[in-house]
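Once you scroll down, you'll see the structures, which are given as structure tokens.
Consider the two complexes below, in which chain A is the common component and chain B and chain C are the respective partners.
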Partner chain A sequence: MASHTITARTPGVFYRRPTPDAEPYVADGATVAEGDTLGLIEVMKTYREVKADAGGTVSRWLVENEDEVTIGQDLVELDT
Partner chain B sequence: MSVLVRDPGLETTVQDTGRLGHYAIGFPPSGALDSYAYHVGNALVGNAPGAAALEAVYLGPTLEFTTDTVVAVTGAEIPVTLDGEPVPTWESVAVRAGQTLAFGQLAGGARPYVAVAGGIDVPPYYGSRSTYTLVGIGGFGGRALAEGDELPLGDAAVDPRAGRRVDEADIPEHPTTAELRLLVGLHSYRLTPDSLERFTSTPWKVTPDANRVGYRYRGAELEFVPREQPFGAGSDPANVTDCGYPVGSVQVPGGVEPIVLLQDAVTGGGYATLGTVVSVDRDRLAQTKTGDHTRFVPVDLDEALTIRRDRAGRLDRVRRSLA
Partner chain C sequence: MTISSVLVANRGEIALRVIRACRELGLRSVAVYSDADAGAAHVRHADDAVHVGKSSAAKSYLDPDALLAAARSAGVDAVHPGYGFLSERASFARAVVDAGLVWVGPPAEVIERMGDKAAARAVAARAGVPVVPGSDELADDEAAVAAADGIGYPVLVKAAAGGGGRGIRPAGSDEELRRVVAEARREAASAFGSDVVYLERALAHPKHVEVQVLADAHGGVVHCFERDCSLQRRRQKVLEEAPAPRLDPAVRRAMCEAAVALAREVGYVGAGTVEFLLDGTEFFFIEMNTRIQVEHPVTELVTGLDLVALQLRVAAGEPLPVTQDDVTCRGAALEFRVNAEDPDDDFLPTPGEVTALDLPGGPGVRVDTAIAAGDVIPPFYDSLIGKLCVWAPDRDAALARGRRALAEYRVEGIPTTIPLHRRLLEDPAVVAGTYDITFLEGFA
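The block that comes next holds the complex of A and B.
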């Protein structure tokens, strides 16, 4: 099984949930399809969705909820 | 003659030299934050100075051209493609009708500029095509670009030509720690001497609150000299009696998280101004991003004026080399 890493396209604050009270976009171990939303990055007072650019199973988060991330930083690993 | 916006990127706006002359009535100038990259872009595509261009941040837009034209991308270090084939930045590039310009992942800096021969021909508002999104004026509908927008192109290009290239030595580098030269004052006396020293020795980190209005930093706490606040000043020790804010001025509400005000900022208020980033270095600031670091380096007024003169001379030289 190959693995695929999704990276941040903008810097900012990474969120796994659409709102603080909501369930995470994807649970650990969940299967996602290409184009699914995995989280949000907040920068310049705007929120931008992080989309899966491949399908797979969420194997490992490489950042915590509310971490500040940089461009190109690894966010999550998928088993594809 | 137009450009179709296939993907707007993030907060991509139409900008020119700015809406000058209305500061006293509370109108910030807007305009390209990295003025050097903007001006050189216009020179590359043969536009007269002042033609409107696109300013993007972090993510470039995807643009389809409906006409043969010439474009140039300047500013941030970012891969650019035309119909999927890499094209150089800081160089004018011929585009045929139907071709699509797209951007890859940002490698350095923060803001790419796209200059197009003839300029982006949106209607001027108060003498400028610059977008001021907070109030919704200027630019394309007063807002950042959206998917499906069709931007009109002007026909006023003076001398569009592909293959013009900026000398390597005239392409700015964008390190992840930027040094911004700072004229100290008007209210620097409000900080304790220790805190003023700390302000200029701290590597300040750019927070996610960093846009065309201002950049907010984190890195140290600053203390103000205790005093009984004068008439008209608020109760926060960072407050003074209201005054005009220079573009590029630095304030520190509450003594934490300094803010540098930029071209879309409020024009006055009641926070002490610790210093003002020299105008030339706002270009450098505009190419820093969230997570980068910034040091403020004090200069005196003579040095600040020399920096400004040197920049004007450099821009003239670059323009002549491209003419």
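The block that comes next holds the complex of A and C.
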């Protein structure tokens, strides 16, 4: 099985949930399709969705909810 | 109560603005900073600085406990909140006062009242200030039709639990209203968990005109004339000017008097802004901002007042040093908000390094910025990186001065909104001052 890493396209603060009280966009081990939303990055008071650019199974998160991320930083690993 | 030192609970250009006012008044200023702002201009210019947390705003500038701890450790006797962040959070104002410190702003109860839409409308009504004609919450479709007869078409159907422009639908006739109300209730129930809706008169092409007020704790209230802030994109102001172009003098007088009446009614203290929608010669109160505003410099330029210094003096218990007759409006001023956003890519935020920077200068030019060449604009905060303001004896000269200053303003490394402002100053509606709040949404 191959592995694919999704990276941050903008710097900011990473969130795994749409709102603080909501369930995460995807659970650990979940299967996602290309284009699915995996999280949000807050940049300058706006929110950008982090989309899966490939389908696969969520194998490992490389950042925590509310972590500060830089552009190009690895966010999550998928088994494809 | 006197003040000798001030915690400036903000960052960027407004923190620097407050620090400058403190220095001129002989007050010690204490900056606060997050991890990302450790070397920032507001930290360098203040007399002292206290670290308040991580880069994320929620863990630093929006953390009331961290700011109160900073105030205690720095031994200040007042807190100036700037704009944004905690400036309109009543609980923070109350906590500052409970800690035995002076809050540079209106009393917490006033922030609370003006921050509640229904309560603010009630204050306006008591002060005799017109609000956008609207209905109470509606029980059924026929109640909506009856209410619309009193308001006059076209109307907007709004979800009581909505906000930020969501859940709003227009209707132009009884028949359309019955259909739209049914749709709006269904949509509101699923989107907001409540199907309660109300009606408001639809204003097709209003201007956003706001009046600056100043009030002291001894019953003194003055207005400092108005600003036209109609050039907005997604409810964010882009370019502001004072005085409002083409405003009928009788309407100007009525709006300014209404703002003073409202400030008196609510027991206002400090600097505040009363916002109106202006539809022809009719104006309607929309909300009051209970803090200093981003665009305050245009008012400073046409009145010659230092609004931030006056905030501090009033907070220290001094009476206003000016009467209404002392406040005059001279010439014309414009403010251009320079944001780290790409106007050619849907205003995508553009944090990053400013590799080179030329700031405009010369006659009638004021630049409020906390950015220098080599600075990295962090992604964690507002995208505003500078305010270019120009003043001239008349509006045509101010427009020419704006074009000249924008030609001098050069930011390299990141896209900014400077090219947008250059285009705006070539547009006939901007030059003529006829633009309204819908203008910028369709501007390419």
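We take it that the second predicted complex is superposed on the first by the 80 of 80 C-alpha atoms of A that agree within 3 Å, B and C clash if a C-alpha of one lies under 4 Å from a C-alpha of the other, contacts with A are read in each partner's own complex, and residues count from 1 in each chain.
One rule holds in what follows: a contact is a pair of C-beta atoms (placed from the backbone, for glycine too) under 8 Å apart; a residue touches a chain by one contact, two chains touch by 3 or more.
Bear in mind the structure is a predicted one, so any value in this text is a computation, not a measurement.
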Touched partner set for A:E66, first chain B, second chain C, both or neither: second
Touched partner set for A:V43, first chain B, second chain C, both or neither: both
Dominant toucher of chain A (residue count), chain B or chain C: B
Partner chain(s) touched by A:R9 [first = chain B, second = chain C, both, neither]: first
Partner chain(s) touched by A:A54 [first = chain B, second = chain C, both, neither]: neither
Common interface positions of chain A, toward chain B and toward chain C: 10-13, 42-46, 68
Sites on chain B touched by chain A in the complex: 10-11, 57-59, 105-106, 208-211, 289-291
Footprint of chain B on chain A - complex, ascending: 9-13, 42-46, 48, 68-72
Chain C - residues contacting chain A, complex: 54-56, 340-341, 349, 351, 379-383
Footprint of chain C on chain A - complex, ascending: 10-13, 42-46, 66, 68
